[in-house]
Amino acid sequence: MPLLIGVPAETIPGERRLSVMPDVVKKYQGLGAQVVIQSGSGQSAHLRDEMFADVQFASSGAEVCSTADVVLCVQPPSPELIAAMKPGSVLIGMLQPWSGAERAQQLMDKQITSFAMELLPRISRAQSMDVLSSQGAVAGYECALIAADHSPKFFPMLTYAAGTIRPAKVLVIGAGVAGLQAIATARRIGAMIEAYDVRPETREQIESLGAKFVDTGVTAAGTGGYARELTDEEKAKQAERLAKAVAQCDALITTAAIPGKRAPRIITADMVARMKPGAVIVDMAAESGGNVEGSVAGEKVWVGDVLVIGPTHIASRMPVHASEMYAKNLYNFLSPFIKDGALALDWEDEVMAGCCLTHAGELRHAGVKQVLGL
Amino acid sequence: MPLLIGVPAETIPGERRLSVMPDVVKKYQGLGAQVVIQSGSGQSAHLRDEMFADVQFASSGAEVCSTADVVLCVQPPSPELIAAMKPGSVLIGMLQPWSGAERAQQLMDKQITSFAMELLPRISRAQSMDVLSSQGAVAGYECALIAADHSPKFFPMLTYAAGTIRPAKVLVIGAGVAGLQAIATARRIGAMIEAYDVRPETREQIESLGAKFVDTGVTAAGTGGYARELTDEEKAKQAERLAKAVAQCDALITTAAIPGKRAPRIITADMVARMKPGAVIVDMAAESGGNVEGSVAGEKVWVGDVLVIGPTHIASRMPVHASEMYAKNLYNFLSPFIKDGALALDWEDEVMAGCCLTHAGELRHAGVKQVLGL
Amino acid sequence: MEGISALYIFMLAAFTGYEVISRVPVILHTPLMSGSNFVHGVVLVGAMVVLGHADPADPAQLAIGFVAVFLGAANAAGGYVVTERMLAMFKRDTKAGGAK
Amino acid sequence: MEGISALYIFMLAAFTGYEVISRVPVILHTPLMSGSNFVHGVVLVGAMVVLGHADPADPAQLAIGFVAVFLGAANAAGGYVVTERMLAMFKRDTKAGGAK
Amino acid sequence: MSGVIQLVYFAVAVVFILGLKAMSSPVTARKGIVWAGYAMIAATLVTFYTPGMQNYGLMITAIVLGGGVAWWSGRVVKMTDMPQMVAIYNGMGGGAAAAIAALEFARGGSHGAIATTLAVLGALIGSVAFSGSCIAFAKLQGIMTKAWRLPAQNMVNLGLAALAVVLGLVIVVVETPPSAIVIAFFIVALALGAILTSPIGGADMPVVISLLNAFTGLAVGLEGYVLGNPALIVAGIVVGASGTLLTQLMAKAMNRPIRNIIFTPITGEAAGGGEAIEGSMKELSALDAASVMRYAGKVIIVPGYGMAVAGAQHKVWEMAQLLEEGGVEVVFAIHPVAGRMPGHMNVLLAEAGVPYDKIFDLEEINADFPQADVALVIGANDVVNPVARTDKSSPIYGMPILNVDMAHNVIVVKRGQGAGYSGIENALFYKDNCRMLYGSAQQIIGEVITHVKALEV
Amino acid sequence: MSGVIQLVYFAVAVVFILGLKAMSSPVTARKGIVWAGYAMIAATLVTFYTPGMQNYGLMITAIVLGGGVAWWSGRVVKMTDMPQMVAIYNGMGGGAAAAIAALEFARGGSHGAIATTLAVLGALIGSVAFSGSCIAFAKLQGIMTKAWRLPAQNMVNLGLAALAVVLGLVIVVVETPPSAIVIAFFIVALALGAILTSPIGGADMPVVISLLNAFTGLAVGLEGYVLGNPALIVAGIVVGASGTLLTQLMAKAMNRPIRNIIFTPITGEAAGGGEAIEGSMKELSALDAASVMRYAGKVIIVPGYGMAVAGAQHKVWEMAQLLEEGGVEVVFAIHPVAGRMPGHMNVLLAEAGVPYDKIFDLEEINADFPQADVALVIGANDVVNPVARTDKSSPIYGMPILNVDMAHNVIVVKRGQGAGYSGIENALFYKDNCRMLYGSAQQIIGEVITHVKALEV
């Protein structure tokens, strides 16, 4: 019997992505696998069931999970769905490994082999599987649009019959994948961009997009492309230099996150208070604690005359392309291990091994184990 | 006693603009006029009372209107406010002349000299007073952002680690001031633009912004830069050629309006039905009847898998700069007639005379008179 | 001078003259014209030689010779001064502006 | 030939040679070298003249003269063929590519 | 001639060539004239040592007088009067060459047919250069204000030329020609030069002077042969050749085929070509535009709808950067209603990557135009039309405009005679300080770029 | 010599000059060689009519033999063997010049000191060119595989040169020098040429051949003086001068000062400069890059992070447009992870205005590289590193790369030896078909643009 790949509908409200796309399904089928999809699950990403060819449809997520050998998801499945999964089956998705002790326990109990895509080692070969990068790109683009859309001002310079409007100043904090994309997008629209990141190599990257680097003199290069947490002293110094840039900008986009940790609090209430009336803040890190004091995940709050937006499920604002990217990432991850329609995991493979969360009843990832205390 | 210019708060919900800005107030004062502002009226445009220097504050709109010699507004004031105005005083703003028989009657009855900025003759000298142009520019920019923000796809081309996303196709119908601005903005973000207008001279203008002109073979050049209405036959031909372009696009922005008339119905329900799933329509003309069948002013409706947005008060989405532009337009219109702090209207002036709606109990504008049947 | 040598010299001088200035910006047209005007002021040398060999007893010869030298000297001196003044404008700090 | 004329001819020929090729793209370096190699094949003319005037009775002279003409002719003929073949690549339809 | 003198002459010839080469690049031009100056002094000095020379007193007097007068007049003359000075000095060179031939004829002494032929040719050309230059001088100096033209101009020219040739032949053929013939020959030659030049209008004068300059060079070269002086040959012929090329280049830069200039009279509309051009649109070439801007201190670029139509924004910005690298200050001035929508120019300049701090609006920049060396108007029309300031009846009256006409030089890039949005004539284009650079903006600015680059060493 | 022959020679000289001029532009180059060819035939034919000539049989035999062999060998040889053919034909020209001098010496007949001095000089230079060219031929042809070097190379060279001068002086001074002296002189001269050339490595050969070519020209010019033939003088000296300039240009283009090439032996690291270079990075100049691309059929541009750092996107697109105007097909290939964020290159190319239909991603374009004449890599590194295909231990192993190494020519623009993001060496740079174009992308592409423009007529 060939490998059966299952795709349940996403259950978390606001999540509009899907973990497969019609052409990716075709590719799985090309490898000899079969696919079962929960009927209607693609609707939020503008995919109708009839777009998927030669696919089995299941009426519920539980039905998908109970039959599939490999379950693909975007967000972690609900406990009920995990409960429905076959023991020994495989679960792949953004499983939020750093914040789900109960979920991890359940996965171990059910002997499920789970791969959390967030844990993917950031080596060159794995870039085509890197969901953080692909979804970060979407998020950065969206955040720039959100900022432009909510700003009471034009982003670009505009000379009109009765005068000239100077371009808006946009400050981007954190120049990872998402931050760089936000810089590029806001600059395209016409704003003048300043950007800041603790990793010194980002200076060149920021400038390569035509933006200005805010030099605060604080450095926090970590390992593997991730940033390390800053000391209090460093934070103070950073804050002081940043405060000036913040006070001058018309829109502020923060994207600084540290995987597995609470997002650093970079913008204090005091800094927000000193911003121009009508300024807009988009805090991309709102979900993981927020880079901005006072930001609320999923809400737009007025702090004085400053609008603080804490968008959630940002990539879901662009479900078609976000799903396309995500589905291809998963395919690139999974496909090397499908041989003749059967699953053949290779535990020697550094990428696969690196993002394994649970296997055979064990929590495999040392870092997560430590954080979750399991 | 010097001329008193009054600024009541806007009363229509969703309207966030103001008809003066602090520096414009200063200029009026420089001409010897005094200004009275309804307290708190600038709040929606992020203006606090204390930003206006040497200004009288009134607690209500009625108070403003009952004392001012000249009342500046954005949208037409409510009947109550008009009622509060001094007989013989002057009212300037976007008075929606084509659709307000009662309002016009009230203005005549109160012997108010009213100027509807929409009626401004489009001659070179008057460009700096042209509120349709300035607010149209804001609207065009905003509509492009709305489309980008609501599209489930990237606008720009994007090559990422697992593939390439082709740029979105955006179709802009109507290449007046707003349409051109929408083209420019969407193109900046990275979309591929096609655009269409009945006036043949727009072809060059569209191409000058790097977009492609959709050639349908129908022409409707009117007088004074405005478009004329099309015959049914022409409409059919236009529709047929357009339908193809519509079916291919990812986002559609319609900006075709004919002043004083219902907006032409350019996009039929059938054309919408043939659009791609996930396509977005922004119908800027929704308020005046809609270029798109099924668009509802002020709402986002799903027509099949197509999102049809009928934004209203579009310029109010960017209240700071929209107000700045509007306030300067009004100033450029009014200031030539303020001599030594007194009002000296010059009925010889073609611009002033041209946009006068009512004066001395009469409806002065021939076109409006005919349309309203007064 | 042997005829054929002269022919070669003529030909090569023409090539040289042509090639040497083949790429000259418009702004230098006038100065360069003036400069080459100066260069043919070397006719002075020829004039000196003929005057030097004129018959001191023949006033006509002396007069023609005198005119020749006078004109040649004027060509050389005037050509130099004018060219030098034009080119002085090309010092980078002074604004040139009026090219034409 | 008069010495001073020769001097002038040398000088002007040098100028001409220098100026005539002062802007040559790298892709033409080799063909141009080859072309000028052909041009000095005109030495054949000189060789013919000396052989023509060699003493028919002196085999040494004849031998040297023969060698001179042989070499000169080879220079001219070979230089032409090679240059022509190189430059044939510059016909616009054929891909040049290998400029090195 | 002694060997040392010969060698000095040789060195002089070399330095002249190097000097001319140097003078054809703005960077080295000044060095070039100075070198040539030293060479000239050396040549003059060694000539005193020519064996068998006499008449030193007269010679020195002539040099001091001729040189002194020319030096002094060259020093005091106004910069704007330079062209006529070049003309007159050039004429003197031609005269000198003619006089040399005259003296050789007077001295008798056979040179052989070839030499005499060349002497006669040199005399003819030198004489034409002399009288022609005098006329050119008179015209430019304002002494001769009217273009003066004979009824059957071209017949007269032809007749005179034929006569000169016949007389010249007589001089060559007859062993010792009677002085009457010689004198007649010179008179005819001088008349020819004068009559050829008189009908030519002031605007074409620079080209004509350049041509006469080449003539003088040729005459000097020919007389050099007669005198057996290779330095004269080389200097003369080099000038003759380079002068001919230069004449062509100048004519091309002014868009006036040489033929048209010299034979305009034949077409019948001769008189005052120069005067007629006044008050009309004046064209300039891309090379000219490049030179003017490259040596300017400040350039203000005014983009308009035409730049948008041409999609020339990238090229324009590239040109601006090139100029800035050369030390020129370049800024952009955006008129409030340039283009066809608010912010039209902003969008395009942003697309090209022009930094915001180089972009100024009307209020910020209008006061700067009088300080600008060049205002470069690219496809803008209505927004720089001074009529808006002056003509109440104009549809654009009252619209504020960019005061480009106050810049020292105005260069307007457009494709042809097309009007702007408002459809009216533009008074700017007829102003004295305004030149038209015709072509689609994208392509013509590309050419300007090429020339700006060529102006770098 | 009769007048007609003289005039034909004169015309030949003129055509040679025009031919060389034509050959210095790609557009007219072919015409140039054809003209020169006709001129050569004309010169040869008229020479038969030189008064007082004998030995026609021998002469025609020599011409047919020499010309035939050379013609045939030139026709059949492979394109890649062209350089050595140029060398050998050039050597023959030098040999001919030397032989002319030898025959003049043999015939006795005094020419005067100057002429004899020049004859000796020509003989020396011609002999050096002859033997030097033979060595160059042997090396390039693979006959002489090892760079061959004497222990005290420079002392030997100096000694031989001094000896040649002394022997030459004897020939000049002594009325009829003994043939032993003459023979010794030639032997020493030939030896000098051989020994000077032997230590030079294969990579420097083109420059050396060019230098020897200039030598031959000079020798021919000098012998022309001896024979009183101005056509030889002019052709020889023109080639001598242009050859010298060309040698400088070539050396510059290869970044090898001439001094280093010829005197490398002195520094002690002589042998096989060429061989050592193999497998190392090879540089090329902007002019070279421009030529290669301008005459290519298809160019694929691969931008990387370096283009972003340099902000060179506008220049790159300008260059691409220029090439397209010249008929070259230009497309852009974007690697999935080029730059530092998804879509990094897209943003920049869009900013520069590159139309979307010219941009291809890895999957679309990888199959096209073998058909591309040039792959131009601009500041990309990891994404074109073939190691990713081959070396399992590499950190980038398994990443798909753009197969630029399969293009006919690869040109890599980067500033220096900087590694990419992954910090590893790039095997591409050492490939045979790869050349490095060093410089910051913005500036160096600007230079390429200038050269591409100069390549247009």
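A, B, C, D, E and F label the chains in the order they appear, each numbered from 1.
Note that contacts are C-beta pairs under 8 Å (C-beta built on N, C-alpha and C of every residue); 3 or more make two chains touch, one makes a residue touch a chain.
Which protein is which chain? UniProt says A, B, C, D = proton-translocating NAD(P)(+) transhydrogenase; E, F = NAD(P) transhydrogenase subunit beta.
For clarity, every value in this text was computed on a predicted model and none was experimentally measured.
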*Out of curiosity, which chains are bumping into both chain B and chain C?*
E, F
*Based on CA centres, what chain would you say lies at the far end from chain F?*
B
*Higher-contact pair (C-beta pairs counted), A-E versus C-E*: C-E
*asked:* Among the chains here, which has the CA centroid at the largest distance from chain A's centroid?
replied: C
*What is the distance, in whole Å, between the centres of chain B and chain F, each centre taken as the mean of its C-alpha atoms?*
68
*asked:* As a quick test, compute the distance in whole Å between the mean CA positions of chain C and chain D.
replied: 36
*CA centroid of chain D to CA centroid of chain F, Å*: 16
*chain A to chain B: how many Å between their CA centres?*
39
*Do you know which chain A residues sit against two or more other chains?*
127-128, 133-134, 137, 156, 158, 160-163, 188, 190, 210
*In chain C, residues with contacts to at least two other chains*: 1, 5-6, 8-9, 12-13, 15-16, 20, 22
*asked:* Please output the residue numbers of chain E that touch at least 2 other chains, ranges allowed.
replied: 17, 230, 233-234, 336-337, 342-343, 347, 350-351, 353
*In contact (per the touch rule at the top): chain pairs*: A-B, A-E, A-F, B-E, B-F, C-D, C-E, C-F, D-E, D-F, E-F
*Which of the residues in chain B end up touching chain A in this complex?*
16, 45-48, 127-130, 133-134, 137-138, 141-142, 145-146, 148-149, 151-154, 156, 158, 160-163, 165, 185, 188-190, 277-278, 305, 317-321, 324-325, 328-329, 331-332
_chain C-touching residues of chain E, taken from the complex the two chains share_ = 9, 12, 16-17, 19-21, 23-26, 29-30, 32-34, 36-37, 40, 43-44, 47-48, 50, 52-56, 58-59, 61-71, 73-75, 77, 79, 82-83, 85-86, 88-90, 92-93, 95-97, 99-100, 102-104, 106-107, 114, 206, 209-210, 213, 216-217, 220-221, 223-225, 227-246, 249-250, 253, 284-285, 287-288, 290-292, 294-297, 327, 373-374, 408-409, 435, 451, 454-455
*Show which residues of chain E lie in contact with chain F when the two form their complex.*
314-315, 317-318, 351-353, 450, 453
*Where on chain E does chain A make contact in their complex?*
334-338, 342-343, 345-347, 350, 353, 356, 359, 361, 363-364
*State the interface residues of chain E toward chain D in the complex, per the touch definition above.*
6, 10, 13-14, 17, 230, 233-234
